[in-house]
Structures are given as C-alpha cells and as structure tokens.
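There's a structure below that I have some questions on.
Chain nomenclature is as follows: A, B, C and D, assigned in order of appearance, with residue numbering initiated at 1 for each chain independently.
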Amino acid sequence: MESLGIGLIGTGFMGKCHALAYGSVKAVFGDVPATRLEVLCDVPGEKAAGFADQFGFARGTSDWRDLISDPKVDIVCITTPNKVHKEMALAALEAGKHVHLEKPMALTLGDAREMLSVAQKTGVKTIVGYNYLHNPAIAHARKLIADGAIGRVVHFRGMVDEDYQADPELAWTWRATKADAGLGTLGDLGCHLVSLATAMVGPVESLIAETKTVHETRPMGDGSSERRPVENEDIASALLTFEKGVHGVISTSRSAWGRKSYIGFEVHGTEGMIIFDQERMNELRLYQNRGPLAEQGFKTLLSGPAHPPYGQFVPAAGHQLGFNDLKVIEVHEFLRAIAEDRQAVPSFREALHFEAVIHAIAESSERGQRVKVG
Amino acid sequence: MESLGIGLIGTGFMGKCHALAYGSVKAVFGDVPATRLEVLCDVPGEKAAGFADQFGFARGTSDWRDLISDPKVDIVCITTPNKVHKEMALAALEAGKHVHLEKPMALTLGDAREMLSVAQKTGVKTIVGYNYLHNPAIAHARKLIADGAIGRVVHFRGMVDEDYQADPELAWTWRATKADAGLGTLGDLGCHLVSLATAMVGPVESLIAETKTVHETRPMGDGSSERRPVENEDIASALLTFEKGVHGVISTSRSAWGRKSYIGFEVHGTEGMIIFDQERMNELRLYQNRGPLAEQGFKTLLSGPAHPPYGQFVPAAGHQLGFNDLKVIEVHEFLRAIAEDRQAVPSFREALHFEAVIHAIAESSERGQRVKVG
Amino acid sequence: MESLGIGLIGTGFMGKCHALAYGSVKAVFGDVPATRLEVLCDVPGEKAAGFADQFGFARGTSDWRDLISDPKVDIVCITTPNKVHKEMALAALEAGKHVHLEKPMALTLGDAREMLSVAQKTGVKTIVGYNYLHNPAIAHARKLIADGAIGRVVHFRGMVDEDYQADPELAWTWRATKADAGLGTLGDLGCHLVSLATAMVGPVESLIAETKTVHETRPMGDGSSERRPVENEDIASALLTFEKGVHGVISTSRSAWGRKSYIGFEVHGTEGMIIFDQERMNELRLYQNRGPLAEQGFKTLLSGPAHPPYGQFVPAAGHQLGFNDLKVIEVHEFLRAIAEDRQAVPSFREALHFEAVIHAIAESSERGQRVKVG
Amino acid sequence: MESLGIGLIGTGFMGKCHALAYGSVKAVFGDVPATRLEVLCDVPGEKAAGFADQFGFARGTSDWRDLISDPKVDIVCITTPNKVHKEMALAALEAGKHVHLEKPMALTLGDAREMLSVAQKTGVKTIVGYNYLHNPAIAHARKLIADGAIGRVVHFRGMVDEDYQADPELAWTWRATKADAGLGTLGDLGCHLVSLATAMVGPVESLIAETKTVHETRPMGDGSSERRPVENEDIASALLTFEKGVHGVISTSRSAWGRKSYIGFEVHGTEGMIIFDQERMNELRLYQNRGPLAEQGFKTLLSGPAHPPYGQFVPAAGHQLGFNDLKVIEVHEFLRAIAEDRQAVPSFREALHFEAVIHAIAESSERGQRVKVG
C-alpha cells in the first residue's frame, strides 16, 4: 500500500484529535497505508507553523487553498467552523482529494445535498466525523441486534446533552446566530444521537418535533448591559417514526447542567433491551429475557478484545478506550476504504440522512406538524 | 382525635398494601387518629373472610354495598379493577364516606370529571393512590426546586416502564380491551409519571403525542391458535408544554424488558439538575453549578431523617424505605387531612389533571395534532 | 395456631422496628400465629403509656420485670442498650418466655456464652436481630452459592461502615467506654458483616486483626474544654481463615463519612462472583463465566417475587423492600419456629459464633497475633 | 530542546503502549523535546522489523544489546518479561542511557535495590511504569487531600483484581513459577495498588499479611493429564500501617471472575471520603461533611480540563481518557524530567518502596507475623 499524505485544516479541539489519529493509526492497526503528515493550516501562519511542529506536520500554511492544491496531500481533513465546511469540501473534492469532514456537513440541508452530489461525481472517498459510531461498544450493540439478542426492535429512546450553554450569563457569540452557526444543539449534539439511532434502528421516515430557546438573550460579555438574541435552539425533542415502523423519542440540550458528554440511548426489543451512555463509553448494558427469572437482570458488558477493534489498542479487557481512540478507528475505516477502493461509512451519503433528520426536527417545530425526512 | 373505621374493597396487590398501611400508620406517625380495620370486601365471601383474618379486619363481606353502608366504616378504600372504580366511588361518596381510591380514577375522563363533581358536592375527603408522590426523595426534590437549588426550571424529561406486557406470547386478557381496561400503559404507568412531572414543574398546558401498540395481537392462552387484537397502547410518548412555558418529553412502555418499576425523570434548571429513578427510590441525584469547576458533579443524596418523613420510619440515614412505606405516608396525609378538615393532596381534583394529561396523549395520537389539556 | 402475646422492652430505633414488625407480620405472611401486642416497657411510665397507645400495645409499664412476668406475654423482645441485654434475657429465659434479642447478645463473649447455656437449658426459642440476613437478596445469594452458580467459593471480602462517629468534635458519650458499650464499631456494625460472611462461606476458624481508635478523645459537649478518652475502636480490619479454608478480609468503621448503612461484600468463586451492598439492598450483582466472552458481565438482579419472600410484600418485581421489612421477615422466621417447635435461625447459638469472631478480632489486635475463633 | 532517540525492547501489550505514547507525546503536550523512534527490539528479527514498520521506528533488531549501544538511542524502554528487567536495565544504565522500565523492577527486592544503586551512581534519569499514578483523577485526589478537602486521612482501603487466572483449568505457564515470575498477583497487580495507596497516604511502615494460592495445580494444556503446581499466590491481603500512623487494608486477586481492570480504593478522612475505581477511570467520588445534611452525598467528578493534564487530550469535560493516554502522561513526565535535569516520579527510588511493600507482604504471610517494610 502506498503511503498517503495528510492535509489538516484546523488545530483546535477536533484538529488536534485528527492529528493524533492520523499520527498513530498505523501503529495501532498495522493494516493501513502509512500516513505522511504533510500540511497543517491555520491562521495566522505562525500558529500553523507552531502546531505543525507540535503535531509533526512537514509544514504549516495559513492558506487552505494552498494546502488543498499541494500535490503531496491525498486526504484533506476539515475541522474548521461549520460555516466554511462547504466551501472547503467542494474545493477539495474538485481537486480530487479524499475528504475527511467534521460534522455537521454544512449549515443547511441544501448545501449538504450539493456536497454529496459533487462527491458522487468526483468519485473520491469521503467520511464525516460521526466518531461515536466507531466505539467498539456501539459496534457490539449493532451485532447484538443483528444477531437477534433482543429480538425485534420495537422502540428507541435517546438523549444527548452538554452544558456548554447552560449558564444564562455566558456571553453571546456567533454560535447564537443562524447565519454563522445554523442550528443550535441539533447541529452540535443532536446529529450525533441521530447517527447512533440510525445505527440501531435504521433510517427515520418522519417525525414531529419541538425546539426551544431557553436562554432567549445573552450579554455581550464586554461589560455593557447590551444583550443580543439567541436565534437557534437550546433544546429540541422529537417523536420519530423509523422506516421499519418503530416508534422513537429523542431529546437534546446544550444547556443541561452536569451533562458533559452525555449520549444515552436505549433500544427496546421483544426479547431484551440494550442501554448505552457515552459518559461511560466502555460499558454496554444488556437485558435478555432468558434463563430463570430469578437470574434475569441488566448485565454490564465492559469493553474488551471480544469487542473489536478494542484489542488493537489494549489486549486486556476493561482497560478503557478514550475519546481520541474513537477517531483512530474512524481514520482506520477511512484508510481501509481508500485502500480497498470502496466508500467509507459514514460517507457523505449516510451523513446526509443524519442531517436531514435534524433539519426535519427544526422544520417540524416551526410548522407545528409532522414532517417527512429526506 | 376520634378513631376512624376502615372499609377496604379488594385484597390483591394494592389491597394488601392498603391493609398494611392503615394497620401501621399510627405506629409510624403517632399524630393521626387511630384506625379500626372494620370490613374487608372480596368475592367470594370465604376469600373475604380469610383475608379479613389475615389482615386483621373485624369482618369480611362479599358485598361492597354492604361495606359502604356499614355505619362503622368512615373511609372506603377502593383497590378494585379500574372498570368499577366509578360505581363504587360514587356510592361511597353518596353515603358520605371518605374515599381512598386507587389510580386511575376511571376509564374515561368524563367519568373522572363526574366523580370529582360529586365529591365536591358531598364535601367528603378524597385521595387518589399516586403513591410515588409521597416518597421523601420526591418531597426533597420539590423543596430543592422551590428553594432555587437548580435555578429556574427549563426542561423536564421522564420515562416510566415495566415489562409485564413485554412477552409477545403472553396470553390475551381484558387488559387488552378498551371497554374493560381503557387506556394501556398510559393508565397503568403513564399517569404516575405525569403526577411526578406535575409535582416538579406544575400543570401541563398542551401536548403532541404518539402511541403505539407493539404487540398487535395476543394468543388466547388456551392452546388454540386463535389470537385476539390488543386494542390499547403498549408505548406512548409526548412532547409537553407546561403552563409555565417549560418544554418536556415523556415516554412510557409496559413492554420494556428489564424495567421492573422504572420511573425515571430529570429536571433541568438554569443552575443545576435533579435526577430520580424509582428503582433506586432512596436516592436523588443533584448537580449544582456552584463552587470550583473541578469539584462540580452529580451528588447522590441517600434518603435519611433530613428528608421528612423518612425519620418516622427509621432514625438513621441510608437504611432504605420500601414501596409499602410510601402508602403509609399517603395514608398519613389522608388521615391528617380528615383530622384537619382540609382536602388531602392529591385529591380527586389534582388526580383529574394527571388523568386529563394521559387522555390528551391518547387523543393527540389519534388526531395527529397538538391537544390542549383539560 | 394459638395467638402469641408480645412484650417489648424499648421504644427507640429498634423498638419501633419490632413494634411495626409484630404488628404486621400476619397481614404480610398469613401463615403465622396471630400476635397480641400486650405490654410495652420504657421509662418513665408516661413514655411507655404514650408509645403503647401509638404502637397499639394493650398497656405500658416502666418495670421490665413486670413485663416479663405478665402471663399474657409469650415473647419478650429486648431492644435496650447492650449493657442490659444479659440481665433481661436471663430473666425472660428463666420465666420460660421466648426471647427476641437485638444484637449484640452481650458486652462480653463470656456473658453471651452464659446466655446460650441458659437458653439451651430452658428450651425456649430464641432469635437475635441479625436482620440483614433476612433480605431476599441475601437469601438468593445463598441459594446461588449452594447451587454452584459461582463454583467453589475461594475468597470473601466485606466492609461495613457508618458515619455516626465520623465527626471528631462529636460529644463524648457512654458509647466510648468499654464498661458501658463494650466493643466499638465491631459490636455495632462488625458483627452484622460477620453474620453475612458466615452466611456466604460458613464459620470462621481463625484470624489476624488490627483495630484503631481514630478519634482518641472527644469533647464533653457541655461547653467545657474537657475531653475524655475514647476507649473502644473506631475502625477494625481482619484477615480471616474460614473453616472451609477460604481466605477472607473484612473491615469496619463507624467513622466513615458518607457511609450511612454500607454493608458491602463480594464472594469470589471459581466460576463467578457475587456482590452485594446494603445501601442498594434490593440489588444483587452476579458474574458468571458462562456463554460467549463478549456477553459476560456483572448482572444486576433486582429483587422480585422470584426471590422469596419478596412476593409476600409486593407481587411485582423491582418495587423495593425497605429496612423495616427485613424485621418482618425475621419475626416471621421466629413465629414459624415457635409454631413448628424448632429453633429459629439465627438463634443464640448462631449469634454466639458471630460475636465470637468480633471478640477474636479485638483480641488479635491487642495481642498482635493470630487468634483461633471460639 | 534537543530531540531524544527512543529504543524500545518489546512489542507486546506494554511495548505497543510505549510506542504509541512516545509517538504522540509531543503532539499532545507540545512542551517536550521531539522524540525519534530509532530502534525496536524483539525476536526474531523479522518480527522486530515488522513492528518497526508498523510502529514507525527507524529500524528493528533482535539484539537488545545492539539497541542499547546504538548512539542514536537516548532512552531505553524495557517492556520485556520481568525476569530479564534487571539485566537489561543494568546494561542500559551502564551505557549511560535513560531508562523507562515497566513494573515491577525485578523479581526480587535485592535485585531492585541493586538497580537503584546503579542508577544513582550513573545519574541518568529513570522512570518505572506505574501508569495509573498519572491519571488526572488520581492527581486530583492527591490535590484534594493536600488541600484538606477530606480533612486528616484516617483510613485507606484498596483492592486490585483481574480474572486472567480465574479459570481453574487454564493451562500452566511460567507465570506459575517463582523462578520465572517471582511473585504472583502481588507482582502483577498488587504493586499498582501500593503505588496508589502511597500516593494517597504516603509510605508504608509495616504490615501483617496473608497470601493464598487458590488454584494449587494447573493442567499442562497439552492434552495430557499432568498437572503442575502453582508456586506463587493468586490472592494476597494485608493490614497496613502507614508511616503517618494511618491504618489500611489492601487485597488483590488475579483469580477474581468479572474483574477486568479493577483498582478500587477509598480514602477516609476526618471531613470526607474519596473513592476511585480504575474500571471507571474518568470518575472520582467525593463526600464532604459540608453544607446542609440534606444535601450531603457522594459527588461524582467526571474528569475534565479542570483536572490537568486532561485538557491536553480533549478540551471538553467528560469526553473520557483511555488507558493508553496514561502512558502518554507518564512519558511526558519523563521527558520533562530529562529536559529539566531532575528525577522523574516515580523513579527507581519511589518504585523500590512500592515493591518493598509487596515483598514484605509475601514475607509476612510466610512468617506469620508483622513485617517492617524496607
């Protein structure tokens, strides 16, 4: 396998996460092409240069078009604010580069559709950063469902919360605007939950929803008494009908004190139940209506080598994977897809469905009625 | 305080629970009228006599009208199937007896309204068996909210599940019919959750909802291959708007494997969060955005004498109350209300709101649109 | 079955607990003799009379000898401070009354031995208040072990803690003296843990131990600066060798902040493990090395009718028993033993072993070497 | 800062962990010298070459002396079986290389002492792989104790378990021999717990202990009926006296079904308690006797940027570090120590104390009496 050159745009939260993942994926997995960390982009240029040194990239640049056009770059990773995803992704696609894009794809569903359309025309590989999908515990939940461990799925419930917008006096930022941020908690958190709901139950057919802006204005944070309106939702909830006819409920809040990275869900089946919570990401809870009643109960499965690809990281069970390890698995999926000339999962195509759902939630809330997804 | 004579109709699950509570309430609390266990009603008469002996009632009868008309009976406890609640309650009210009625009040909202109307005319005291409301942990949650411990409430989520109808091959019974059982999981479980939601956030103004019959038919359980339709819902979910403008989500299932007595909810505030789960009924979880960030976290409050009236049962913290103790607290509230000549809480009036909500959920699901409660 | 008259000495924590249990045991279980609450003793007489009225006893007395000699009294319940257990128990035994004694039996092992000897001579029935033994979850743990669910037992660990002596500035009381209280945390808490250890693994053969008085002096609580020495231990730990050759570790503290009623233990077997914690007394955790590795994990068994006698209290699983319910089960065992003319468990005989272990712990710590139990 | 060349001996569990850590430490932390992955050693040579390619080392070798003598190698990482630690470490020290050694240092305490003595003479930097010490949650526990958050420490309890030797029919290996493995569970697991106990309470002064070989023989695993003896302990427990006069209890088992990476401990103080469990390594539980009694409880602190150096990995709280991240923090400590020309923690000096404790446990068990540590 030929080595692949990496260009990474962004050095923040997810930027560092990408850098670490592309830097260690071969050591972890072995069965992927070697990666070359070629170009790192941020502004200003000194910042790019400094992080290039820290992260181990060959060079830094302040010009993302320069990064995309660099012939040494085979894969373009986009970890910038959502607002510029579309422009950068289209440029990379048109340059024939594989695209690793952080979620959500774009501010509007129309933009996301256009991006998929271009990607399909160019034929390059894409992947979107729905990293929680790559948790071995989630993979095992899917396997359990596929194997019939809980019978036929009849119900889904999920919640995803953080508290980064819980403080009523937190200063107003661009995150509060539709123009710059698009959706609120739905775009930041809700779409992750949808990705997991879909992994468990399949695509969503239609929904009824309600969203709420809990903190209607925020101070400017400059000492003045001015407060500006928050244009997007803090909380959103929806009643889902999955294509399989299953009924579901989801809810998300970015203003939920105490919730740091809560992504909890439960899958109800005719023979059991599965429960997961990302704040204890190495645990999966399973109930099965088997054996003597006196010995039935929820079992906590602690991730281990029996839950691939956990064993690539640690050969002993229960030792715990971390958040950054999920990105390594995501990158592994992407590199394998490129090596095997197939689409990765989730590519722009799957991601589009996740994002169609969150936009349908916003639309249903606005129109006060059931909305078909897609 | 004069002693009060108790007449109890029903000797099953809740019947025994009532018998135990009326038999021990004075020993536990001291500050209530003495109770005389006078008449126990069940059919046939031998069963009534046998349980009268076991439960310590003076006599048994197979005729509930006989029980109601007995001049020694001051309080009539009704723990029979929902279908006959109305007839018995009306008879007791008209005989001028105080009524302790198990939930739900009746099969239809119209019947429940009529019952309240009669109760208000007669002026007797009523209480409805929303026993989870009486948990000291719940009382403490209300106090915390009232004291501003989590700031202004901005969101509510709740779930109530059991698994008594989870087995697809469980035999068909009258519980599956609208005529005999009325609502499904909403009437059995959902109304309990509504009682708690209301205790936390106040009355519900309107809602959008969806219900689902997961197991559409059931075998007759007689060896034949016949299957009969299940007419009422196994699962129901709703998006609530509380009168205070707060947005909520609730969901209930009687077909949720592994859930034995799950009544979980979370109350989101602008300064913290409260979480409760009836399956760990002696614990309340509290997050407050106070003190150094490094020391913030969900705190588990284990019920103790600091959470009245826990200390009436055990003077040492953490020793655990049980399900039957909640009924003792409920009976205490009822006896105190009678002694103080005030209405108990929840009387027919409060209970009517809880039940208006579950009927609104059923109606919204049928009509596919938002429904105003009440 | 003839009815049995109850005489209860003490109206405090355990006194009330006994009153409630004897008052409801027949209603709960049915299969026991009726109980008559005859005499309640406390000082002064007005207190006895007041509680007699509250608890439903026929009369109160300030003279415990009067209670014992009352011919209407068949069972004498002793819930007074440990110091007077012996005198009262011997008097009751000699009067030919059945004795229900709160733990520990006496301040010294010699006294306890003497009490057993007298009880065996008189042939009456005895039971000692090791109430945690009667938890359905504990009964199920015993059944699991007996059925080989975790293979051969190879190790035991247990801890029992409260925090009623955790505050260094708590006032000095008689509890701090050897003369009035005897042992410290071992007598209050440790012996409960030993009762459970023995239930899981059988008798203890020998041990090495260490005790510690953490708060060496305490203020008098009268505003003076005087501090008096604490003569007995706050913390004790021991390495046990059970008769079966199993190695165990136990530890107890009455000065453990945050622990309210913590009695935690784990039983390690060659095929699995069982874990219990009294602060979640309706849960038992079970691991079995069976089935696919990917589906092995600790299962939480929530107590229900499949765990007798839970179903006598509530016919639905997961609804929770409480602390006071354990005493009802204990009383049931005692009344059944009397009705069947057999010794109850744990009678003075079994209790003597539990208490021999805690005295051996104190002795080992003092002598700095291994001590044989008994 | 000049870059440092890394030589790594071993490619198994901990070998891979070292490779990942040295490969990513600069990207994570920034403030360390760059690392060059120079030589990787394993046998046979092809294996070394293969892993060198996968892990990103410049070359592989089958000769560890060749690795040590390579002038490009500044730091020698030793992750081989315990039996050869001493020989390799001494060779590296004598070559003037910094030594990063996996725990335990050696099979015997005498060997470990000799290694420390040589290290002190050469003046190079050493660190021993007590990786759990580097958990931000552990660092926070230390800070809380130092800040007086739980008052004066009065008691410590700890347990460390896995189940890799729980199956009685697992085949016999060199791990069962004193000659090749030295101690059993004490060397594998117990010393980790001691490192944490010491971090919380300081050095151990003396102890009484007991060890047990639960599975006395094991089959050869070759189909024959031969069974060979297990020479070292499966379980060990000890009563500790810390130098501060604090009483502690620890216990360890390598035969504890269900325990995958359990390292649980609790620190009791005069004003609170701290609880930790490595199987939930991102959580720390804290009880403080502060504020109203009704609001006291154990608080779960979820690791976040407020707990350094968590924020170097992820800037958002609750996202979870994993096992491999702990090694990155350990390597950071080592590289900073080298850059600052100071000893790292834990160097051979601190590690020697941890290992003196486990050898004292073995000795106390053998001699049946109290043993002074060191």
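Miscellaneous remarks
As a working rule, a contact is a pair of C-beta atoms (placed from the backbone, for glycine too) under 8 Å apart; a residue touches a chain by one contact, two chains touch by 3 or more.
The structure presented is a predicted model; accordingly, all values stated were derived computationally and were not measured.
Taking shared numbers over all numbers used, the subunit A to subunit B interface scores over half, which places it in the same class. More contacting C-beta pairs link the chains of C-D than the other of the two pairs B-D and C-D. In terms of their C-alpha centroids, the spacing between subunit B and subunit C amounts to 34 Å. Between the Cα centres of subunit C and subunit D there is a gap of 41 Å.
Separating the centre of subunit B from that of subunit D, both taken as means of CA atoms, is a distance of 53 Å.
Each of the following residues of subunit B touches two or more other chains: 259, 296-298, 302, 304. Chain contacts here are complete: no pair of chains fails to touch.
Contact residues of subunit A toward subunit B in the complex are 150-151, 154-155, 157, 159, 163, 166-168, 208-210, 212, 214-215, 234-235, 237-239, 241, 247, 249, 251, 253, 255-259, 268-273, 287-289, 296-298, 368-370.
Contacts from subunit C toward subunit B in the complex involve residues 12-13, 16-17, 19-20, 23-24, 26-28, 30, 54-56, 162, 164, 259-262, 278-281, 302, 304, 313-325.
Interface residues of subunit D facing subunit B in the complex, by the touch rule stated above, are 140, 144, 149, 286, 292-302, 304, 306-307.
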